[in-house]
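One structure below.
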């Protein structure tokens, strides 16, 4: 049930954006052990005037930076999160070829009773 | 003060999207007892290439799936949340007619001091 | 590393939207002491049918309302947050000229290990 919102500059081809979904799904499968077909992801494309990035923390980002906000259960360990960042950067680097400087990830945590994945039920409460 | 961000596939008529707002507002009024006219909601429409859903957890979703992320105070009980999911699925099922499999809700919690609903003030701190 | 998502009605000129970024960045520099060039912000513009606001809490908002959702470390004090709301409303009021009734801010908190600002690393864990 991770819910993933991705923000990037507009203009990348469809295959590029599909590869982002594929690589993130695979990273979540491997690092977070999410179940098969646990894919709940959106991409929002922004014009230059609606997207801003900086170089804080000694990381030299370009217009290809991708903001990835992932909401998950509040049960993940720090080791799992570290594995997620590493694997996401590796896989996104391979396909669609995003430089590791441009992979920005933030995890939000939400308790098990905070999810309804269909049918009006709290499946995990 | 719930802040509600809704994501769905592009192409639904305006009346459909208005009904989503109306049904969610009513569900929040009934299940969370939010005050009158507490409506702070956005919809983002996504092309197919920017929207992905899976069938994890035994729920067979279609392209009509709607991701609803609701940020609220961190004061709600599990019972209130369960009532919200149930009522949202019922009302969205009635109008605009979304199948219960396609109603995906995630609640984010944010402390009272984390809100400013105008005037630069922390009204609830 | 605040990650800032801003939602507003479509149709404002580019200079207006740039001023929102500039004023929020400055407010975060002053109130939260974020480092130089710590700018990770997106704007999403919504048609009228995809954007709803109410007048709850005795605040009379117009179509110019701006929803600002800021994700930060879970280390900020209530005083820092209050300073942020105040300064954001002041600076947005000056440029681009948003009335204080229309500045709606929500802060989400995310632990230090929940951030990777590039290179697949958990820089703050």
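The letters A, B and C name the chains in turn, as written, and every chain counts its residues from 1.
Rule of thumb we're sticking to: a residue touches a chain if its C-beta (ideal position, glycine included) is under 8 Å from a C-beta of that chain, and two chains touch if they have at least 3 such contacts.
Since we're looking at a predicted model, the values are computed, not measured.
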{"item": "C-alpha-based rotation, chain B on chain C, 0 to 180 degrees, nearest 5", "value": "120"}
{"item": "Shared interface numbering between chain B and chain A [over half = same, under half = different]", "value": "different"}
{"item": "Centre-of-Cα separation between chain B and chain A, whole angstrom", "value": "21"}
{"item": "Multi-chain contact residues (two or more partners), chain C", "value": "44, 108"}
{"item": "Of chain C, residues touching chain A in the complex", "value": "1, 3, 5, 14, 17-18, 21, 25, 34-45, 71, 108, 110-111, 113-123, 125"}
{"item": "Chain A - residues contacting chain C, complex", "value": "7, 44, 46, 49-57, 59, 61, 67, 69, 78, 81-82, 85-90, 100-109"}
